[in-house]
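The block underneath contains the structure these notes are about, expressed in structure tokens.
Every chain is named by a letter (A, B, C and D) in the order it is written, and numbering of its residues begins at 1.
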Amino acid sequence: MKIGAQTHHGSAISASNASAIVVRGRDLAQQLIGRISFTDHFWLLLTGTMPTAAQRHILDATLVAIAEHGLVPSVQASRMTLAAAPEAIQGAVAAGILGCGSVVLGSSEAAGHFYAAIAAQTAAGAAPEQAARSMILEYRAARRAIPGYGHPEHKGLDPRARRLFAVAAEVGSAGTFCGIAHQVESLLPELIGKALPLNVSGAIPAVLLDAGYPLGALKGVPILARTAGLIAHLLEEQVRPIGFVLSHAGATAIDYDGEVPPDFEPTRE
Amino acid sequence: MKIGAQTHHGSAISASNASAIVVRGRDLAQQLIGRISFTDHFWLLLTGTMPTAAQRHILDATLVAIAEHGLVPSVQASRMTLAAAPEAIQGAVAAGILGCGSVVLGSSEAAGHFYAAIAAQTAAGAAPEQAARSMILEYRAARRAIPGYGHPEHKGLDPRARRLFAVAAEVGSAGTFCGIAHQVESLLPELIGKALPLNVSGAIPAVLLDAGYPLGALKGVPILARTAGLIAHLLEEQVRPIGFVLSHAGATAIDYDGEVPPDFEPTRE
Amino acid sequence: MKIGAQTHHGSAISASNASAIVVRGRDLAQQLIGRISFTDHFWLLLTGTMPTAAQRHILDATLVAIAEHGLVPSVQASRMTLAAAPEAIQGAVAAGILGCGSVVLGSSEAAGHFYAAIAAQTAAGAAPEQAARSMILEYRAARRAIPGYGHPEHKGLDPRARRLFAVAAEVGSAGTFCGIAHQVESLLPELIGKALPLNVSGAIPAVLLDAGYPLGALKGVPILARTAGLIAHLLEEQVRPIGFVLSHAGATAIDYDGEVPPDFEPTRE
Amino acid sequence: MKIGAQTHHGSAISASNASAIVVRGRDLAQQLIGRISFTDHFWLLLTGTMPTAAQRHILDATLVAIAEHGLVPSVQASRMTLAAAPEAIQGAVAAGILGCGSVVLGSSEAAGHFYAAIAAQTAAGAAPEQAARSMILEYRAARRAIPGYGHPEHKGLDPRARRLFAVAAEVGSAGTFCGIAHQVESLLPELIGKALPLNVSGAIPAVLLDAGYPLGALKGVPILARTAGLIAHLLEEQVRPIGFVLSHAGATAIDYDGEVPPDFEPTRE
């Protein structure tokens, strides 16, 4: 049974034979290993071309910005999974990556699409402020949160966001999308009644899109970055385990409030 | 219910407050974003210290070496998963990471432990060749494959392995573990009856351990590297989908050979 | 950092002490083990009450209907993952479950919500045909496929769907939702220009919702059912492995069409 | 590139054509849907034959016994993942399944293999007590825990274990493996210095193996059972969310004890 109407049967990323591996047209051993950085390689894998120095600098900056933020839910899920299943570290990494969803880490992708929609309107002739205003109102009418603004901890300003825009200015890549991001920020008090400063999930797509990073792979940046953070947490978990301490604390915080048979007392943790 | 006897309740990787995020003692926004590469950051997250230039160079080289090798099983699983569940790219990445197991990608970790066991014997006084000989025979007696040698495609020599050892020589980090890796290679024809050249999964731990990379996080290198490759494949899958072509080809290759009711003919694909 | 505004800190599913485990108010060992079926237990876990005989019969029928359909993409991903990572069968199961997404297996949930939206309109006073007509047109205007109709293999009629409606009639549970499902089927030729018969993903929510199964857990039925199928495939994979045969067939079906260095010929598989 | 030497290219579980689906030789719609239970279907998928009434009763009992035990680590990981990624419930289920590893839920499989090794010795002529004694000592010498005995909460006796053995006696299926399980229990005080009563992970394989359940699929029972429990928890999470409450409690329980820049105070949660 063939599902759908896929007619493509080609892939352009890598090929190999007995003596060589080719990645995006380059001989992996002769031209890439020991000659480019992993960040260069990620850009090359995604786009088929090597990044400029500015593009590499921006991609490095965004990956560094989002790799680690402490014992967030996905990290806890990952450490608990390793504690329960130490024989398969890839399972613990996978469990952590599954928490990179829309609520916490997916907003880079959502913000990127939001900015791209605004950019499409200005490309079609709308004035920048009008395009931003109109997209904010469209999201509000659909009861959609504006992605990329506000943060539960960094309420005043997200230090990572501010630094990323400064880096984009330093390398000279800041452009349309950084402008859109700030334009939106300036309109929020009027249009939604609250001042919500740009957070890292708004800054990341703004600086990456200005640098030419592909829109469809925006989610790959927090995912790749958090994989690095997860691996570090899992190394720490192997030598200073806290996975079951975390789960014990979680279970203790929740009361059982269902029915009980007569004379049953739950264990008080 | 508290499982196990975990008494640690500390973590040393990251902390934050409303205005700053600290990662391994450094202020993320002020000292790291836009100042270090993602590879530097990975080393810092793992070890708490910044890598030397040689350490960064080796880590970059190993990540680049193992990130991509075409439509391998984990990449196919990932692309099929995205085709079936396009609403959650993190699920497709996770599915690909789950294939980073002992048979295909876990042998870097296994080879690292193998080399470390040999190094422990030499540190305890055994001669290098004797330590290698004895560990190979111990693995053989336990019917364990010697990890890091031979490859189904690169039968003559794994070009990635040769290049990685050359890079280690270039930066001057090659040492005990590179020596052990080659010592083992030289003994295999005699002890197992076959010449199996070093492959990339033997080269990676050898060069990393000589550079001071932590043994317990060896598996993190193929996992992090392959995450980059998976994200590139998933971007390609979004624009040139082949997920269902892959599954159709797989299903066509397998015959149903179970029982059938009378007069039932399976669809011939 | 506390994310969001969750104020609930209770759970009503299970509690335990040193001598007893309570599930939904019943003593697990005394009242449940050996006294109820696993299907009964699933209904109890979900709803807090035991199913009637008709409810159990319908839930059994839907689980049996959707558990297995051959070497579909999620099963292939699962078997490939076990072949690559045999040390962790839970990783292979997880990889298969990640393919239970919107395109292939999530349409039970989508169809359930579609039918529920129509039912809400009739509950508010609209005539049944008008409510169905209006919801089909709303989906069409939003370019959304009508979930639950048509199938790439079972083009005439999905035998599982027909049987499920017959079972619902047998136990006397067929009602509003079965009516809506058939009402929609009758309108599709006129409204979308094609006759698309009910498939299993339309039948499952129709019969379950008429039986009182909770709307929010509809996706749990294909997920639980496919877990059973995956475990059977993974047992077969351990004794008659085909995981790497599947991946070899998939890779063979795809041509590399990217750039190559001069004189490079990919391996022809 | 073909990995390994797999020559099988057949599968015997399911086939289909445009009008019928066959599962283990039976027509799914005509012979199975609405005629057998999901538990019957699971046994059929695994073995190719329908279970006897006793076999079904035992399989139901074991699935019911292990499906739910409160907010254990895998359930917490699953609920946190849904809170972070509500758009993909299959990701949250997968995250929970990844926690079904060797430490917590894999011991059914380990105990089954332990009992099977003892049974193999008695089949080869050893006296039952001697075979048990010898295998316990072999595990101890290899510093392996004896799987299936003791429990952090149910220290006196695991009520689920006692009930499962009673059910096996009721249906008349108790035999060799139940005997081995109790034989081992009686020897532990002498051989390991502690009285560790049979727990549910020892009882499950004992009763299943006596009923004829396949050894290689033992891990499938806790995995399938816990999938049902996870789906119930995820339904509750959608209406009474606690995922972020759990993660907040976990993070609060852990102190940051790494380096800090001067004048940095972490947020006290």
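Keep this in mind: a contact is a pair of C-beta atoms (placed from the backbone, for glycine too) under 8 Å apart; a residue touches a chain by one contact, two chains touch by 3 or more.
Just so it is clear, the structure is predicted and the values come from calculations on it, not from any experiment.
Novice: What chains do chain A and chain D have as common neighbours?
Specialist: Correct list: B, C.
Novice: Same or different, please, for the chain A to chain B contact, judged on whether over half of the interface numbers appear on both copies.
Specialist: Counting shared over all numbers used gives more than one half: same.
Novice: Using the touch rule from the top, work out which pair, B-D or C-D, shares more C-beta pairs.
Specialist: C-D
Novice: Among the chains, which is located farthest from chain B on the basis of C-alpha centroids?
Specialist: Greatest centre separation from chain B goes to chain C.
Novice: As a quick test, compute the distance in whole Å between the mean CA positions of chain B and chain C.
Specialist: Chain centroid spacing, chain B to chain C, equals 34 Å.
Novice: Between chain C and chain D, what is the separation of their C-alpha centroids in Å?
Specialist: Their C-alpha centroids are separated by 23 Å.
Novice: Please report how many Å separate the Cα centroid of chain B from that of chain D, as a whole number.
Specialist: 29
Novice: Hey, what residues on chain D touch two or more of the other chains?
Specialist: 1-4, 9-18, 20, 70-73, 83, 85, 87-88, 90-91, 94-95, 98-101, 103-104, 106, 153, 242-245, 247-248, 251, 253-254, 256, 267
Novice: Should the pattern of chain-chain touching be classed as line, ring, star, complete or other?
Specialist: Per interface graph, the chains form a complete graph.
Novice: State the interface residues of chain C toward chain B in the complex, per the touch definition above.
Specialist: Contact set of chain C toward chain B: 1, 16, 70-74, 76-77, 80-81, 83-88, 91-92, 94-95, 98-106, 153, 242-254, 256, 267.
Novice: Where on chain B does chain A make contact in their complex?
Specialist: Result: residues 1-4, 6, 8-21, 23, 28-30, 32-34, 36-39, 41-42, 45-46, 57, 59-61, 63-65, 67-71, 83, 88-91, 93-95, 97-101, 106, 153-157, 159-160, 162-164, 166-167, 170, 214, 216-217, 219-220, 223-225, 227-229, 231-236, 238-245, 247-248, 251, 267, 269 of chain B touch chain A.
Novice: Which of the residues in chain C come into contact with chain A in the complex?
Specialist: Counting only chain C, the residues touching chain A are 1-4, 9-18, 20, 22, 24-27, 31, 48, 70, 73, 85, 87-88, 90-91, 94, 103-104, 152-153, 253-261, 264-267.
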